[in-house]
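Dropping the structures in below, format is structure tokens.
Next come two complexes, and both contain subunit A; in the first it sits with subunit B, in the second with subunit C.
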Partner chain A sequence: MSHDTIVIGTGMAGLVAAVRLAQSGARVLVLAKGVGSTHLCPSTIDVLGYGPQRIERPGEALAAHVEANPGHPYGLVEVSGLEAAVEWFKEQTVSGPLGPYAYVGSLEANKLLPTAVGAAKPSAVVPETMAAGDLRGGASLHIVGFRKLKDFHSALVADNVSRTEVGGPVEARSAELDLPAGGRVDLNGLALARHFDDAAFRSAVVAQIVRRLGAEERVGFPAVLGIKDPHGAWADLEHRLGRPVFEIPTLPPSVPGMRVFAILREALRRSGGELILNAEVVGPALENGRLVGVRANLGRREVVHPADHVVLATGGFASGGLELDSRWKARERALGLPVAGVPAPGEPRFTDSYFEEQPLSRAGIAVDRELRPVGPGGEPVYDNVRVAGATLAGAVPWTEKSGDGISLATGFRAAELILQTTTVAAVTA
Partner chain B sequence: MSIFETTPIAEHDVLGDLMRGSLDHCVKCTICETFCPVSNVTPLFPGPKYVGPQAERYRTPDEPSPDDSLDYCSGCGICTQVCPQGVHIAEINTQARAELRKRTGVKFRDKVIARNTVGARLARPVAPLANWSLANPTIRLLTQRVLGLHHQAALPKFASRTFQKWARSHPQPAGASRRVAYFHGCGANHYETRLGEMAVEVLEHNGFAVDVPRGQDCCGLPLQSNGLFEPARKYVSKLSGRLAPSARAGIDIVATSTSCSLMLKREAREILGMDDDPDLRVVSERMFDICEYLLALHRRGELRTDFRPVPMTVTYHAPCQQQGHGIGKPALGLFALIPELRVIENDATCCGVAGTYGIKKEKYAIAMKVGEGLFAQIRDAAPELAVCDSETCRWHIEKATGVPNVHPVEVLHRAYGLS
Partner chain C sequence: MTTLQTEVLVIGGGATGAGVAWDAALRGFDTILVDRRDLGEGTSGRFHGLLHSGGRYAVKDPHAATECIEENLILRHIASDTIEDTGGLFVSTPDDDPAYGDRFLQGCKDTGVPAEEVDVAEVLKREPRLNPRIKRAFTVPDANIDAWKCIWALADGATRHGARILTYHSVVALHRDGDAVTGARLRNELTGEELDVEAGFTLSAAGAWAAEIAHMAGVEGVRVAPGKGIMIAMNHRLVNTVVNRCTMPADGDILVPIRTVSVIGTTDIRTAHPDEIPVTQEEVDQMLDDGETLVPGFRDARALRVWAGVRPLFEDVKTGDTESTRDIGRSHAVLDHLERDGLKGFVTMTGGKWTTFRLMAQDMVDVMCRQLGEDRACRTREERLPGSEDGETYQLGHRLRVRERELQDEQLVCECELISRSRLETAMRERGTANLDDIRRNLRLGMGPCQGGFCIYRATGMLHAIGRQDGPSAAGSLVSFLQERWKGVWPILYGDQLRQARLDDWIYQGALDVEHAPATAPVGAAPPEVREAAADGLKVSAA
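Then we have the complex of A and B:
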């Protein structure tokens, strides 16, 4: 007995692929070295923010962006496929364990949401708890911070956001609350989110804010408004403050990302999928050159997990899915796939500007139309492996603002492609 | 013959470097903090990131430790499981605690509870009296004062006859087609002897002759957790020596105590630095959790599935140490084969007790708070039985919820019509 599909990695792309497959009746096993990108990212679905100019309508801009960036992962999915993935994701959230907590927005327009340093970030599909932070056309804001929450400074957000070009004036004031009283000197976002699950704590917060609140139209908080019932906490604050309330993503740990993990993890469980953590995949299991499973380190052993299909979603250099050694030899760590886009010996390795695209920026696994990995000459490597998310070559997600958009789109597409094959179709039937 | 094809991990990948050296892979992403059951309920433990990879950089031989708060790490191991960078946080902390203990000394209480088999041997001849004493509130208050064991903490009942004794008079079935060795652990030998018997009967039902190697003593885990590495190594060596002949004969070893089997599979090699012990290595490579083993048999089509309907509701909690095996939740796969059994999977991470941690006077309240989420899930589900693979967790959960707690094997035993 083997699994229909093994998904390697438990970030956005891996979880989306795994849940989509399991919901269609496939036997799915997720193997991951640890918990992934969800806990670190803001978990807004940024489809396309810059190309390189700021983009207002991401759905419309996709085709031109793919044309201008050959080999871009968005070239592997139709706009309609991306739309379907977004709708599916929204359905998972609203009907999941944190429902009615929902995602809002579409590919039609980017919102401009303030970040933890007060920049305006274009995002297409966002938690309902962030939507009122949209700066387009100007805004009047009251930004609330907490002295104990590290790395979130409401004055910094307010100052910077006032200077951001968003098509209208932004006025922002800030306040720093000394809540919760006592206890630890500092708190991380999760600890504060647990306080926000408590109505009495929210009352104390509201009491302090109303004393300082002027005519500002909207009130912004760090993204810590509840982990058990974020919709309830957010709606309660809006009600008590009598004006729109929004969350601003923080540095890790990302509370909105933990919500996404909880939602997709529960969806996987409900549909019979399995997840094993601390199980690092170290290579393919091969029979006559064909991949028949993966080899994983479990404790002090290596074991083989057989599977008909594999989805590789281990992330890029940042999460350790890809690795570069001191001789500039790149390695894909789980299956040993060839890495495309690494500067050859003698070619320039850096550009002068730190923030510009670097020669290595687009490195990753090159794939064919069906997301199957290919070698340097475009030749297929394994016909039953699909690659999704940040492992893919061709994008610069941190400057494009396309990270979770690519992960959602390609994770969803990988699942669809596997479901179209006969082996899984037989199981599903 | 083993039913598994496993390959030992290559020599270059081994341990000293792997454990402490792994702290250099920490990117301070805080994922371990979000999962740590202890730091999420008490400020006394600042969390695995601080106490593990961060503080470890300041721990220099012969210099004072920068942070004594690691005493509040329960050793559940969840931080290591969730770390995406492969940092062995729990292992680093356990090693650091042993270093700390070298300087601060070890409490008398910890020396006592870390050697449970000594107490069990003393208590067995007077088991009824010992059990009465441990159930007596006045005596428990006294024990709390004198010894520092919380008076409400769940303690097991001593059996008046060991499982080993039962095994010696238990005839091996005729016509068994295959052979397996059973590592019973202290739990089944001294406290829950019926569990050991049921494990043997379930294996025999599947055509195994079950060897019970004699002289199996403690695996050393409670000593390791309490920072007593030297005596822990002695126990590991002794136990490995008892089990090694089976392993060398190519016989798989299965265990019902999931934390003790993890100790021999992995922790003694990684934490106690015993990777070169030849007996331990061969035992480690043949050691399987019993549910892992039975489900693997099923996947090969070799498990008997003549299960009778068990029309009841049970909850299942996979304890932290079971999750440390990296085998998923095989008990759920086995339960799915039993007609009419309704299983509610708990999704809480830790019950709080973590072996001997939650029975200590100063840590009991923390253990109860850690377990709150799980206890509530079990109470809400109102199952006929709560199922969990680890003995100390079962005792703790049963005391906290009032719901009878059993090992998965007990459910299988019932479904096979053996009880």
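Then we have the complex of A and C:
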């Protein structure tokens, strides 16, 4: 069966593009090797946190950031387009299968959320369940950890967060609970989140901490407050503790990210889109040099999936969308697109200073204004392929804190661009 | 200023220095060992882990070959817990002259190295990843030895016999009284404080840095040619037997399986200063190509880490400079400065190799005893090190076996190296260190495929939780670990290891924002109890 659009990749960018297209009536197929970056990342929509100084108002700062960083992916979208994408995403979450689980915030101001080492990280749009962690202007916090969750250390968070510069005093104390009682000594975030789905477990947690809390203290937990009904678990804790409660993201697996995956996957299903995991795209299907679909490994068979459009959203080196071999040749793995920003042979790819920007950091797929991949001379490679998310060249998202912002903006933009073309417009009409 | 008194001051906490401290302490001398950094952080911790059978030197340096096989057998007895008996192979690859095999066999026979030619087909069954086009193969009793485990066992043993170990203490001056060296001025690198050691005898086991120490004593003409060698650890045991190319010693001709990885080495490049040993891209490419010759597909395997060490090759000034340091003899030399320079109470050890460290230590302490007119016999040939009392060699499955016993009771902090929470916390307390890199060497924390991606955050939290550090110092330790780790990974970042490194970037920068955490530099930020421990001489525990 032929699809209007094949989306390659199930991270934030791919799912956003797929859902947006499917909701407009396009026949969409998502192919992915596995689940994407959602399961690894905190899934706060960090639009722009540092440039390199801490940024308070990301919407306002975008234009200057693009100017200072030529070729930055934010140069491919308008601020209004990013705002529209944010509003759309918020609507998906609140009306989705986990609703009223919601995202809050906007491009107007970054919140400063505590991280698992107690830094204050600028984030624009965040789950409502994290919002009360906002440190701006000072805060009084009680950070609760769990002995069995080795991936979150509440005392470290409390000690450091009380020393952050956030425009006001931060007081923080901590507790470590030995819950759930019995059972395995090691729990990961997902296992603990399943416990938080259970009201009896939440009662036990509340019973251990409620009497210790100071009058003004907000209560911070690792971001594991439920996976089936996170809003219910969070609201229940706020109600029983009688104060704001918030989540703090930590090491993978990311429970908030899994929630985003569940929300967007369900939105795709409701709109008639399809998703196939364990389907690794290994190359384009070509006819007379024109891309007419993709070739994917499905089990041991190679299958051709015809499509009018393709959105490539396989991620960067972290996700395996891009690859560098031992002879230092970079490769885009799904369609074999040219990779830009890779230092020439003999040039350094990295420096010996970890926290400096590395020469390879901005490598990725270069695109034109229409998000179509281009070769070294700026010539388009395929006119019906759009590239979105971390596959794009030009950003250092983990440093500037812009990962999910870029993915949301460019995934949404890729869908809009495809919807503007005649073939899909006929379907949507 | 604090003044410590001792009979023997040992400078340098590598294998030789620790071996000297162990030897001297066993002979009943009151001993202090100092190192400017942690034990085994210099050359001794930067090798491929090969316990030589002597085969490598059988043709080129028969004397060294005999020393190696003798010491190999002694170490299997006294330090068994630090040795895995992998056995070794010499193979003639398609690029090697098969006729060399005959010279090799003859050399082994002449030097006492047990070697035997074996059927290539059998070898390929045992080591299926080896180049199927190898032409000849010989077995030898090579093994691997865990450098840090062995050095800490030596230090632990010495401590049990009264020795004091001062890590992070650099020698800033040697004291002289007329024609005798009488001790040293030290600086505590963690606190900046200085202290004096009054010593009856000073033994310099500073390896590649021995010339600098000799210079401090006013001795001229001691020269050590630092020869840089790089090594790359690969993610898997590509082979389970040590594999050597059956040729004259050259670059990239040894592949050593050790713990869960295999290490290829090495190069040999003359370098100006032992502290400046950068790894170049050309060296990495050369190692990977050499790996392909031994194990086809080597370049597709995952490289974990690369490092460089400096061989302390004693330079005989009379023969002048040579282009290649490999031609300088590997055998050690004890410089008795009384004979050489008329200076009492001071001996320098130069040259040598890991496998013969015990012999070197014995020679050095013998020279001291002779000068002192003491007749105290060396006991290190027989005395087993702490942890090796039962004489059992290390087995690869050891940690898994321990893990299975404690599966229900112990958190696993480092999945790659199977390190439990209590083991980590005990090491942090006993070492009295706030430096995660010190813990790494003790426990192999963060040395597996993720290179600390997950365990280092956990370890940071635990370091803070047991009260060893406040939040900013703990974050500083984390930042410092990430930077130290980066030095060893960036030259080999390709394939899956680049992917892993980028995931770690997302975790530490993208999610945790460590670069903006309130962090203080770890050195100098050690809490009071650490400083006290350092001043008293650290309590030492075998890892």
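Odds and ends about this structure:
Note that in this section the second predicted complex is superposed on the first by the 424 of 429 C-alpha atoms of A that agree within 3 Å, B and C clash if a C-alpha of one lies under 4 Å from a C-alpha of the other, contacts with A are read in each partner's own complex, and residues count from 1 in each chain.
Following the convention adopted for this analysis, a contact is a pair of C-beta atoms (placed from the backbone, for glycine too) under 8 Å apart; a residue touches a chain by one contact, two chains touch by 3 or more.
Keep in mind it's a predicted model, so treat the numbers as computed, not measured.
When both complexes are overlaid on chain A, the residue A:K401 reaches subunit C alone and has no touch with subunit B.
Judged by the touch definition given at the top, the superposed model places A:K33 against subunit B, while subunit C stays out of reach.
Set side by side, subunit B and subunit C differ in how many residues of subunit A they touch, and the one touching more is C.
Touch criterion met: A:A119 reaches subunit C, while subunit B stays clear of it. In the superposition on chain A, contact is made by A:P252 with both subunit B and subunit C.
When the two complexes are overlaid on their common chain A, residue A:E280 makes contact with subunit B while staying clear of subunit C.
Looking at the shared chain after the overlay, A:R184 reaches both subunit B and subunit C. Of the two partner chains placed around the shared chain by superposition, subunit C is the only one that A:L324 touches, whereas subunit B remains out of contact. In the overlay built on the shared chain, the residue A:L298 is in contact with subunit B alone; subunit C does not reach it. The interface of subunit A with subunit B overlaps its interface with subunit C at residues 40, 184, 252, 319-320. The touching residues of subunit A, when paired with subunit B in their complex, are 1, 29, 32-36, 39-40, 183-184, 188, 190-191, 194, 252-253, 258, 266, 269, 274-280, 296-304, 319-320. Residues 278, 281, 288, 299-300, 303, 408-413, 421, 454, 457-458, 460-462, 464-465, 470-472, 474-475, 478-479, 482-483, 485-487, 490-491, 493-495, 498-499, 502-503, 505-507, 509-518 of subunit C are the ones that touch subunit A when the two sit in their complex. Note for the complex: subunit B touches subunit A at residues 4-9, 29-31, 33-35, 40, 43, 80-86, 262, 265-266, 269-270, 284-285, 298-299, 323-329, 345, 347.
By the touch rule above, subunit A contacts subunit C in their complex via residues 37, 40-42, 49-50, 54, 115-121, 148, 150-153, 155-156, 158-160, 163-164, 176, 184-186, 249-252, 316-320, 323-328, 346, 349-355, 358, 397-399, 401, 403.
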